[in-house]
Each structure stands twice: as structure tokens, then as C-alpha cells.
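Both complexes shown next keep chain A, but they swap its partner, so chain B is in the first and chain C is in the second.
After this line comes the complex of A and B, so read on.
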């Protein structure tokens, strides 16, 4: 059995340089730095800042954001801060009375109420005691779900719902965890990619890659999980390639959305799936993707 | 002639060729791991430390959860190969536990814990190579990792060591060799911008008259370190920002 062994030295080669086109001048604030001097008293303190002797100081490293009088400093990297309507992928961590606890990469575990899921058999029906006893049969610890943020409580806990056929338990597939900031906020977070892979880009940085979804089949969007079905090899290979492409983009801090992933997939075709895990290949794919994206941007702006 | 008096030679150089008020070379890197929320690596001379921060996340221990603040959990450990003689265990010995507690106290002075009720922040530091000023390097690494994790802090928290050479001259950033050769080592953890001292620790005693000047020197060192860390943070943030095209910044 012969195996290629890749040896490389520490070099700048496999590190990415920022593209000149994306260079805008942003003032970066670091913790303790004054954002506004005492002279200006006409402001409202936002996230990532604190007041000290009338001065407004930054408490995180990031860029300033101003909405009228509200001044906040947003850190680039942080735990996921949920907003109503965002799509999440999460994992059930606990089954409680009338609710599930879901791990969603946010500060506190999110809640999925029994009353905010679509139970099999009828859209609208009262949740009975039997349903409470059956909860573990619908979703148990370790199950992966897609859901939407329904509301945010005062302490920051997210309340989720799966009251749509799109949401529910996820079956066979791959979960990739990336930084939440890399997920571009789009109208659609569920994608069926042209090469036979379905993709859920959770706003919380959890990306789920699965086999293509057939809409004709009558998507139950509930709690069925078909683990018997054998996914064909080509589909599995495509899924693995998508995973490696996402890792390549994420490692180089490139934004993830449908176009960037399709471009990365196309650029990656010259490599074998497993070769995509090499740092050189990752940088190569990320750079080529970025170039195609900026070409697209230029084309659209003209 | 005791060894103490040779710490600074006639032309004012120390054993490793530094002057009395010079720090060792500091190199740092943020975001070295992908799994934790924040991570950092720092080298101060030959002292090398890795730090990883998880959180804020739901407390694992329900009893410990506080309704008005988050708990800070720190773990200090030294790799078994970090010192000249191989250590038996990397953590759990008396010294490690003490340093964990000191680190926890230092960090709770700056982290805005009241923003995160029912939460927990885990800070893990690991010394890869010990060459004097271990605790100082750990604090500096933890600061970088916390900033990388996007956890709000009042300001940078830096630590630095200082000592007294030739019974007269205060000197900065003590290496392991100088620690052994004598001289009391003063470790301070400070907030360099507001010049507040959070923690102060001494390995031996010296005359009280010397304290102010050694303390001043150490504080100066903290300020210098802060400048270096600040540059690294800005560099790191602008690197991520420009790679993502500041997509989330302008929205």
C-alpha cells in the first residue's frame, strides 16, 4: 500500500492575504478604548460599550456601529446572538416537561416548546398529557433539528418553533460547525444545490449537508428519520466535497452563502475530495472562489 | 560576591543581554484553535503559553448557576515537558490550583460578568515551556483569548514581573535563570490603562523602601505589554474583517 505523505514547511504560502478589493478602512476599537469623549453627552449606550466617568468606552474588540444615538461596538467573533426569524440548526440536549432544550451555540440553551412544534396528525390540536409522555419518541437527546427563532427572552434565551414543513428533525447528513459571523444573512437558508446536495445554513454557524430533498414526496417535515435508506455513493461524495469546501472557505474566513459554496464546489473539482483537506488546496479554493465572487460583483455593478 | 550582585553587569546588561527595563520578545497569535470560542498563543522570551476560552455557555453545574452573573472557571496546567525535570502530573498539584485561583480572581476583575446570568466562562491555560514569569504569560494569553471570544471586558489586563538587581536597580520581566540566581520576584497583574493593580505577589521579601520603584517598573512593563497585545488584537480583527469583507460590520 503506497500512500503519499505531504510534508510542508511553515510558510506564508498557505496563509491567505486579504484581497485589495475588499479593503475598506474600518476603525477598530479594542477594550478600554474611548469611543466617545465626555464632551458629547448625547448618546445611548449599546452593546459592547460601557460608561466610565461619562466617557463611552469599548468593551470588546470590533467596529463601531451607530444607529441615530445608539452606539455599539460589535465584536467580529462571538457566541451566536439570536434574532427573531433566523433559521437555526441545533441539537436536542435535554427533554423536559412540555419542552426540549436545544444546544444552538448561543449563550444559553434554547427552548423548543411542545406547543410550538407540528405534531403528526393534524395541524391544530390540543397537546394532551399523552403528547407529553410521547415527547421522547418525537425528539430525543442527540437529535439534530432545524428550527426558526420565535422569540428572544429577556435573559437572552431563544425560543424556537418548527411550525413549518421545512423545519423538523434532520436525517442523514453531515453537520459542519463554523463561526456564526461567516453565515451571510439571506432570505433563504435552505438550498438544493445543483450537484445533488441539500444544504441548511443555520444562522448560528451550524451547517447541515444532506442528500437532496424531494419535494414531490410530500415532505412531512416532522419527526420521521429514515436511516434505512441508502444514499448513493455519488451523493455521499458530493456531500463530502461540499463539507470540505465549506471548511476551506471557513478556515480562510470567507462568507458562506449559496453562490460562494457553488463556486467553491466548482473550483474544487480539480482536486480529489480528500485532497481538499490540505492547507494549500484550501487556500487555493478560497482564493479562486473569492475571485469569481468579486468578478460577479463587478459585473453586477456595471 | 553573591550571585545576586551579578544580575546586571558593569555595562548594564543582564544575563541574557537585556537592559534592566527591557521586556523579552513577545510574540502572540489569536484564534489558534477552531473548536473553542476564543484562543491565543503567547511567547514571552522562551515562556510559551496556550489559552482557550469556552463560553459564555449554559452552566454545566445547575447549583453553581447565578441569576445575576456568570461564573468564571479557570484551569491552569503545565505540560509535563515544560520544565527541566519532567513533571509528574500536568495539573491538580498545589501550585497549579493556586495559580488557577489567582487567574480566576484576576479575570473576574475585568470581565463584565453581570451581562451573562446563568452562564459560565471556561478559561484553560496550558504552559508549554516554562522560563520564568509563567503566571504573567498566562494572564496575558488569557486576555487575548477572552478578547478573541468576544467577551466584554473593562480593559486589557496584563501581568508582568519585576525584581531588584544588585540590591538597588529594579529590573523587568524576570527569566527563569534570574529567578533562580536570587532576587525577590514581584508579580503584578494590573489594568494598564487605569493603572489599577489587581493582584500582587512576591516570592521573597525585600526592604519596603524598594517597593515603590520596583512596582513602578512592573507597572511600566504592563503598559508596554498592553501596547503589544493591542497591536496584535487590531491586526487580528482587521484580518478577519477584511477577509469577510466586513459583511456583518456594515449591516
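After this line comes the complex of A and C, so read on.
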């Protein structure tokens, strides 16, 4: 079944069009477009705008946002701009003196200080010279971590911390990259989905899909990876399905959060996992998910 | 981009279980999107998208003198450009090595006699022939470059229109060629047997086709086979292989290449002509 190879032509009827949005439409400004006319001089210039002959023009493609007199244009597609407290998934790109550099899809690599990680052996441990020498044994280049933004420096660099048992090195699983704006900001970004998959929706657009986590076996704030364990076939299938569902939603610009992913998973069950790679199936799953989400919305509002 | 040990382990176990990260089995191929005739000023062109690998191929034709040892044959030349748009690794001269490698493997794959009949391109024995310049631009790199490029080249060659020649006047040394004025008065090349490259990767104990970028990082060795008309025209391997594994790879490559070729030809023949769409429009 999966042996057939699909080659589709990029003709008009095959072209995938963006789904109509059910929410209210926002005006999208293109770069150089006038946001505020010169006559209205009562504004403050915000991000994503510039002044030209007294007019306020957009410097990025995006939607207008206004807070009192401050007018800014928020880009639709951009790298990740971090805010304190957000959950991230990142990849270690460099080990330095007392800190790790982490690739987090932002403009600049983020920093993870040795002093802001939980080292094995307890919460209130002093970080010694030995720990500095051992840094690569805790986290090395290429390792995936989950972390939280501790602070943002003036140049936009993020300082991360993993001082909670939730955060730390990630084990076996799949990393999916989507646009950061598609991740809905929620209270919880760590999910154990009902069909036996754990999910970390990083605010930076990196989504980590892993096998279910057992809280029973005393979690050590993760510097341990179990490379021996073979993920069973059913879990693997569920993970692959979640991966393909997330990509289907992301490709059709649907927001990603636990409910939408669960809906998409349920709607996708009529397809085999590998069939979800086909654009037609992706659109179908996204449309059905959207329908169920709006039904839920209507039900809640009445 | 480098993967961590745990991710690699996950991929490895997946391949062993015949269930890869995106749900394909070991022989599974990702869906392909293809369009032809998109470069206006070229004689033939195609753009192919395989997952996130994006290739643009175009063919230009010029008149040339045939090689003295092959007076009845035209010429074909490949040029690959790995643009830095594809991946930051190609910045500066980073992509050059890979580009040369890709062009070489295509040249070698097309040089076998039963692939593309170059005698079709002969105009006048020993004097004039058509020379095909195949330019390939890598727009995005998402793994499995070899396969994608060979498919794009084949589609572009299928799409190529060789002008018809009305008559020739031979005046001593000078040969005057009168090419048909009518732009639509062209003939197409027979590319049925043009080679298809298939990369077979060995991950763990098993072989897979169409590796994604992540899977390419986990492979121990790989074999690129060029298959045309049920024959291998070129085989290149990266890394060392055991004899048995090699034969396993060749079998798998052959099987998939035949399947790919069939689907590609079917798609190309069904493809509507002169449509006004394209990824650039």
C-alpha cells in the first residue's frame, strides 16, 4: 500500500488553497504600506513600523496592534521573540565556559548558564569547578532540552533555566519545527495525550513528541537518557501520527494546542499514518479539525 | 544541524521495526510535486518538490560540433548550482564540492549508451549536433538530493522541445542551418530510458530509500544507483559495504527505481500542456 509513489502535478486544481478562516478577518499590512496617515499625528511608533513624510508605514508583513497611542505591526512570520516564563524546546549548539549555547529559533542563540540548571544530586548544590569540567557530560552538542525563559537581554538574547523537574534533557522522540506564531500560549505546554504520547509545545515553534512519561519512577530532572529502551510499535505509530497531524495543521495555518491536536488525531484515524503525508489528507484533517473546534466554541458560548 | 543520541536511537529502532518516523515503511517514498515548462526562456524546464527538497531544472540547446570519435552523437552537459538559499552550509564555496559530485554522477549515469539516445541530437554527421545544457538549481535541501535531481532532470528533458531543421546548405567548410521559424514546430526527446537515481541508505541492519535529512544523519553508508531500462548505468557508494548488503541495496534500489520511473512517465504523459501556473506565479 505504501509502496505506491505519488507524483502530483502542481496544476491549478491540485493547488492547495489556504482554508477560510472562521475567526474575524484581520487586515494584513504589507511592508511599505501606510498604517496611519500623516493627518493623524497623535501616535507613537512601535515595532514593525517606520515613519515616512510623517506617515506611519509598516516595515513587516503583519497585523496592526494598537495600545492607546502606541501602534505596532506584528509580523505573521518571524523568528521567535522570547518572553520571560515561556516554555521552549531547544538544541545545544555549543558548550562554553559555565554556559551552553542553545539554538531556539530566535535571532540569536540563547544561553543556558551552568548556574541555572538542576544538577544531579539535589536542588541546593554548589556548582564546583568539577561541574564546569563535566559540563559536556550533562549536555553536549546536539542534545535537545526543554527550558523556560529566565530573562531577556537588551540585544534579544534569551537566558534560559531548567530549574524544575519538568525541564531538562529530552529523551527519545521526534522534533517537529513549525512557525512560532502557531503555538497557542497556554498555561500548560507539557501534555500527556490520551493515546499514549507525551508532547511539549515549545513557544518557539519547536514541538517535541515523545513516548508517554511515567511519573512513578522518580523523575530526576532529566540528565539521563535511556538509549536501551525500544519504544513499542503502538507508541511509535501514535507518535508518528501526532507528528503528521501537527504538520498537517501547521501547513494549513491552524493553531496548535492540546485540543486541536487531539481532534486532528481523532479525525486522522481513517487514514494510515503514511497517507497523512499527502497534501489532500493534510487539508482534510485540518478542515475537519477546524469544524470540530468551531463546534466546540459554539457549544461553549451558548 | 546535528541530532542527539536519543533521536538517532529512535530513528534506528524505527527502521528496524519497518516503521519510520513519519509512518513510512523502509521502501516508502514521500509524495512528490512536479510541474514542467515554468522557465519561459528555456527549451524545457521542470521543478520538483520532494517533501522539502526543491529542485529547478532547465534545459538549453545550442549548436555544437560533435566529438570526432562520436560523429553521430549530440552532447549533453550538466551543471548543478547549490544555492545558499538551500541550506546555510552552501554559503560561499560550501556547496561546490557537492555540486560537482552531483553533476559528475549525472554525467556518468547519462553516458551509458542505452539511456538517452544522443544520436537523436545529430544534425550533420561529424559537423553539427545539438548540445543540451542541463542546469540544475537546488532551491531547498531536505534530504535525498540525488533522487530529486534525477527526477527533475528527466522531467525537464521530457519537456524539452528541440527545434526542427528545415534544410541545410553546405558550402565547402561552411554549413548553413535553417531552423524552422515556427516556434511550435518542435520535436520532443525520447526520455523513456533516461536514468533515475535512487539513494539507498543503510541504517542499522536495514536499507531504506528516500531518507529525510534526519535519517541521512543516522546512516552508516549509502549507495546511489542509476537505473535506466532495467539496467544499472552507474553505481556509487559512500562508506564501505558488505557484499551481501550491497546486493540487497542494489535490489532495493532497482525495485524502487522501476516503480519511480513508471509513475514519473505516467504523470508526465498526463500532464496538461501550456498551463499558466507555476510556483513562481
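As a convention for this text, the second predicted complex is superposed on the first by the 280 of 302 C-alpha atoms of A that agree within 3 Å, B and C clash if a C-alpha of one lies under 4 Å from a C-alpha of the other, contacts with A are read in each partner's own complex, and residues count from 1 in each chain.
One rule holds for everything that comes next: a contact is a pair of C-beta atoms (placed from the backbone, for glycine too) under 8 Å apart; a residue touches a chain by one contact, two chains touch by 3 or more.
The structure displayed is predicted, hence computed values, not measured ones.
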item	value
Partner chain in contact with A:237 - chain B first, chain C second, else both or neither	second
Contacts of A:61 with chain B and chain C, given as first, second, both or neither	first
Partner chain in contact with A:174 - chain B first, chain C second, else both or neither	second
Contacts of A:75 with chain B and chain C, given as first, second, both or neither	first
Chain B versus chain C as contact partner of A:253, first or second or both or neither	first
First, second, both or neither for A:186, with chain B first and chain C second	neither
Partner chain(s) touched by A:8 [first = chain B, second = chain C, both, neither]	second
Of all residues in chain B, those that touch chain A in their complex	31, 34, 37-38, 55-58, 112, 116-119, 147-156, 191, 193, 230, 233-234, 236-249, 251
Residues of chain C defined as touching chain A within the complex	1-7, 9-10, 13-14, 17, 19-25, 27-35, 47, 49, 51, 259-260, 263-264, 267, 270-272, 275, 277-279
Complex contact set, residues of chain A against chain B	16, 18-19, 22-24, 26, 28, 30-32, 48, 50, 52, 57, 59-63, 65, 74-79, 107-109, 155-156, 181-182, 184-185, 251-255
Touch list for chain A against partner chain C, complex	2-12, 15, 91, 140-144, 170-175, 225, 227, 230-231, 233, 236-237, 240-241, 243-244, 272-274, 276-279
